[in-house]
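Order of writing sets the labels: A, B, C, D, E, F, G and H. Residues in every chain begin at 1.
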């Protein structure tokens, strides 16, 4: 229920079309569809720019598919996403709701329905190593769903800093940069020092031992000496894409 | 051995029916049945309101079944529960002790024998997301065993706060509320601010990366700014139900 | 703004006393007083049973005093509390708002204005050791502010379990029990096994080394084998009292 | 050394003004002033939009003052900041470099020289409690140095969610929002669900016990269910301001 | 109340000297003296071999002194100890209860009243470095209170392993060994490999950085490859002495 | 090389049977057999009372079998143990070295060759729950290998404290007690308060969530208020048995 | 692009062979081959002495093979390594690039192409137990790739310190020592006290419970009382070998 | 007792000058001086290259002075160091043992007696920020004590990577590099990628919040993608210097 609808309600009360008691009851209700196991939020796109994305883990294949179908039922709506889906969830969702585009992201997949038109905006997604590619792929798939088509620079870790410096112009001229890095996450500090753009860092759970499944990279990115770096959760390529969407959309 | 039995013992001593030495020995013994691998506590219901529940992990199927049978052997006893049971444990227990009602709770199950009569008491179980449903299901099954039939509000996470506000009357009027939430657990703080009822929060191990398998939610619920919130252990839907039973029974 | 006020607003709209636009604006505003540095919540008592308590740390003495005065300005309101106040904060608050009753709680203090009438309700606060008394004192002071006058059982730690068993009747007959324990926190499990009442456990940061400033007790209480135990934050005697108030008020 | 300067160097080599060996040596040197104890970076503003800020802790008062003076020595430069300075550092720096504007931020201070002109851009800084104000103040002081004049909404914690909802229009219409919150940090999730703007969350080390000096809030913000939230380090109001500057400048 | 007293109670009941109701009430009471703020346990020596020791931190000087006096009031009792006492606590306790012997243990002190007679038993207390001496001193003072007079071998850390090997006979022939070591705690593994005696390891919070205030030593001692090593809490020289008393008394 | 052998060496030097250079070389060598992948220690029994036990994880089945065979090759030696062996390791070791007695301990097994004669000594192994039995079984098997035949008291957790009190005489009269407990580990504190014997506590990794795979129990046991409790590593039933052997052998 | 190439570029600019704009572009490019998913660094050997090693986890078999082939395509290059490869990765890489020598290292393998000539240098790799051998094997394989042929001393843990002392001459005379140890890692301290050579310690994730998957050993090695010990990451046999190569090559 | 002395002992036995029993006793004794509170190791320089350094914290001023005097009493000995000394310790040690050179290192000091002659060896100590200088100063003072006179490059953090690249020749040509860095410690990875020399990284406890008092830098350095980096303990400038001494002396 947006601002105009709110004013309409009061007009209806004044006009006697709606009783005050009915209005009071309705005011507490914002629009969502209750499927019993889920309360599907049709207006998230209005409130957060990015539409509702269905996070697959912990949901049955049928639940995934039903929520996607519900979201697609609203005519004229924006992109709909299913993230971290396993093959069974992908199969059932794409069967029940045709037209989904599937991107493999490591051992799971991202599915996109009704992708947005291509928008302007120079976004760069840069990874420290090849092992960071699945998280970067999720980020790229979500950005594309929202109409942003990023460049992907893979394997620019600081152990060979010239590999990053080779792309210094691209980084300096970007509207937003996403840095995807596991192990010690030092690439984020370096990019933050090179580029004036908003930099969103994604710690990755790759690496072993002292990498502590991404916690080391997360802490290091937060302790970074590069001013104005921001961080999203471990392996959260989806979140990084949404952060960029909040900035550029 | 309760208060009247204790007085009877002393009467018997005075009457010469029991010798002082026998009485001294008996006084150290409260009632339980020793199965060798388990000391089955027949009076837990008297001491804690909630009867003995058999926690299945780490026990063989046969051990589970034997303990359940022992508990059911006491005539006139209250509800008997088997929690976190795998399919083999469920099969053997329900074969040896008929009449058990099975509720699936994620990858395991809760079984209830001799459920209590329905009691009054408005209990609301609210979850942040669909992935929290297995823990909520365990909580609901245990509450029903004790005669409390809660309402379940699924998928009310704070990212779309209007979904929670839609149920504000139900929360405000409850006698007790259980909040089941993983990830950052913020739903507990919000419910604590809306409802004057006792609020029991259950951190859930769903989520990934920085959710640290429920530790983040547990810490966040404890650091909550909502006064008087209480917390049970990670994924402990059973414990939350027992806490409500202590309050309402 | 409660339910009747909401209906009145709609009546006013229908009667033309309030325009729809004005009503829409007002509906988003629930009652609080904005002091610039604080938004004082006059209706918290209605929503949470326990009135707004001012948490002193991080606030200047003047800020504490001004918020207390603002809360007391509402005629007919309930108890007002200032918690964890240092001597300067206590001095300024009790000077600006007369009638506050001060209870020392370790190195800081709890101040109560307008305490509630004495209510029925048998509450027991039990501590493991003498070092837990400051936290227990805060809990007792807050309970008394809400009209509950608990019994305090000090120094009942499990190293001499008979000291606890001596009070078994009092624990078994309570309406609610608060267990305040540092070090390993085992007292909570034991009380949970003895009493059928709601048991709220408060981990305390006393102890040294492996006690990890209360984290060990907090974890141990959550891993407790006693069913239905609930836990509040470390040293949070205030929170435990509020939890009891939610149960008994 | 920027792009045009680089081309000039090659022209000079071709013209014989500079020998190839001299050019090779010069190419490795980007501009900074070496004070012995510090390498002052005069071109950081070009690379990162935000000029070099001097982080005071661990530096002597004289070192702080000398670095500030060096930074101000570049004519036509942008804002210069001294952050987290203690009174002695503030005194020596403002004596050696006149014109600094001092903002108290808790027990330390932020000093700004040559603040930028006021720019357009609706920035909102919102705090969960009064105890979060020192961190918010640092953020506001730094934003103002860069020409952004944010609105500050204090004390909007989720325990009284209506206090936040009262400012929903302001949040929904912002170009960027900074959420400053300690304890469980739930306010960030809530704001992320209400506002479509970029949201930068700052965990604060206020709170006690299970708040773990800000680690709980940091983890909770990263595990947030609100998509596209980004996070900076604990108590890092400076970093949040720089992140906003990267977005809006 | 020991076994004979229990039988006497039943004889009294049979003889009509005590009514059954009185006996039931008395049976729940084991002997302790309730000082209000403490329940002083007069029979701990019988149950645990080591008498009640008063842990000073968190208690007022007066509380310390009163508990000590109460413990000394029992004629024929064993040793009484006050541990971790600050100068004010020492002063008040030794004034109210004369005859206490004070041992400095770092920044605090151990006071012993009524030390036991010297007993046989070869106990060795070995430290890794000079910085471990305060913890070792507490251990030695407590052992002497119980009549055990240990040899103290200081500064035998593994960086110069020959310093330890010089005492190999003494270690091999001991009845019990206490190893006091901070930093990485490797000395415990080494002693465990050399001596067949019971070895009690005490991790010490000395060291800095990665020593994590004793947590590293505690973990390392638990992960030790030397079979049969046991560990007490960080800095817990008192606990190690009690463990030896349990073995040798 | 023990004391007499050392004197013999010097006699041989004086007699000219051994040259000084040969003696210097030999002195650095204590007896072990080098298998290439392992240095088998034939004199550990002399130094530590408990013979060398082969820890199976990380070794191939053949390596396990070869080390066991080497240890058994010394005539007149003491018990030989293989711990934490998987079925393949058990099979190869018992085939190559006949006479091994296999005890199942959860998902792995303990094998004992040449068990010692039965010795006197009352040892009690007490567990909190049925899920702690695998760890207790390892402890019992190792104790029996050394000739100690303990009583096993299963399922005495503090949630029903009377189950423990029923065995109070047995605990009070023991020469050593091993407490095996997961979850919050409170049983150790309770036993420590009841029994004057040496108490060795074994934290168990059973439980879930806040039990943190045994870390909670380990910390809680170290923070215990029961004086003189000692602790071994998580799930280390073997280590507890060796600690008892150091005390009683 | 090394120093002479840089001078050549300037000569070419002066000679007019290269335009300044072309030179400016080229200067930002150091040599690597971009395969799309990887930026293969051909000059790492020049910068770090040790050539580029391909870390297999997270890469597809084809990606591993293509990177190895690219690295081998440079004529006259040094050793090429593939580390932590699973059987499929080994198979595809050795098929596409013949001549690779495979060393099993636990559940994965190290493959070496174009090993260096044997160099002088006495390196000792010492392990605490048999379970540390896989990590030690990786270290040995990498050292051999660089021409260093170490001696391997297995199973020298401190529980039988004479096993280490037997090799004291070898350790004292080494040019570099690598200590590979899990559990409590005490072997590193001991070796550091015996040998004057550079000592590189590798914590190993073997052990269980309190070993915390190598974190305990890592912390203990860092808290070591042996001066000048250095540490690499958990299980990082490759890193230890590279550290030795930096010292001796 | 070195090798020749050992042979002399055997000659003396053969010659009858020393009895076998006396020799056996002496063989267990390597040379150290027992001051009661410390076992001063006169031969550490022979075994570890670096002489015994006295770590001041936890020692009284008198103990520091006495140990230093004892170490200096050996004629012809090497450098003697007192590290982390507070002003009182410095005063007493330099009074009792004249000729000590004092270097301030943050809030404490390093004192050196009998520094070694200047040796060849290009060592570079590089710090990320000015706040890392105290740790770097300790490292430099210890290196100079051993005759190594390093170059110090301060304030080369990666936020302005050109500041580091300006010193690339010096780093590439060094014989050993020490990197001193707090916050996220990324400088170590970068230096490791640029220089082929042995690189010893020192994590520093500067920084705040997510820097976790140096733990973040320590973990990040261990998770570094730069091969062959080694790490010493947090703030351990002394250890880094000793590691370099092991390499270059």
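Operating definition for what follows: a contact is a pair of C-beta atoms (placed from the backbone, for glycine too) under 8 Å apart; a residue touches a chain by one contact, two chains touch by 3 or more.
Here the structure is a predicted model, which means the values were calculated and not measured.
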**Report entry** Steps needed, at fewest, to go from chain D to chain F via touching chains
**Finding:** 2
Query raised in the report: Which neighbours does chain F have in common with chain H?
Result: E, G
Query raised in the report: By CA centroid distance, what chain is farthest from chain H?
Result: B
Query - Interface with more contacting C-beta pairs, comparing E-G to F-G - result: E-G
Query raised in the report: Distance from the CA centroid of chain B to that of chain F, rounded to the nearest Å?
Result: 37
Query raised in the report: Rounded to the nearest whole Å, what is the centre-to-centre distance of chain C and chain H, using the mean of the C-alpha atoms as each centre?
Result: 53
Requested in this report: Quick one: which residues in chain D touch 2 or more of the other chains?
Outcome: 47-48, 129, 159-160, 192-194, 209-211, 215, 218, 222-224, 226-227, 233-234, 236
Report summary line: Chain pairs that touch, by label, are A-B, A-C, A-D, A-G, A-H, B-C, B-D, B-E, B-F, C-D, C-E, C-F, D-G, D-H, E-F, E-G, E-H, F-G, F-H, G-H
Query raised in the report: Within the complex, which stretch of chain E touches chain F?
Result: 46-50, 53, 172, 192-200, 218, 222-224, 226-234, 236, 238-239, 241-247, 249
Report summary line: Counting only contacts in the complex, chain F reaches chain G at residues 28-30, 32, 36-39, 41, 44, 47-48, 55, 57-59, 63, 203, 205, 213-215, 218, 233-236
Query raised in the report: Of all residues in chain G, which touch chain D in the complex?
Result: 3, 6-7, 9-11, 13-14, 16, 20-21, 23-24, 27
**Report entry** List of chain G residues in touch with chain F within their complex
**Finding:** 129-134, 154-156, 159-160, 162-163, 165-166, 168-169, 206, 208-211
Query - Partner chain G, residues of chain E touching it in the complex - result: 128-129, 157-161, 183-186, 189-190, 192-194, 207, 209-212, 215-217, 219-227
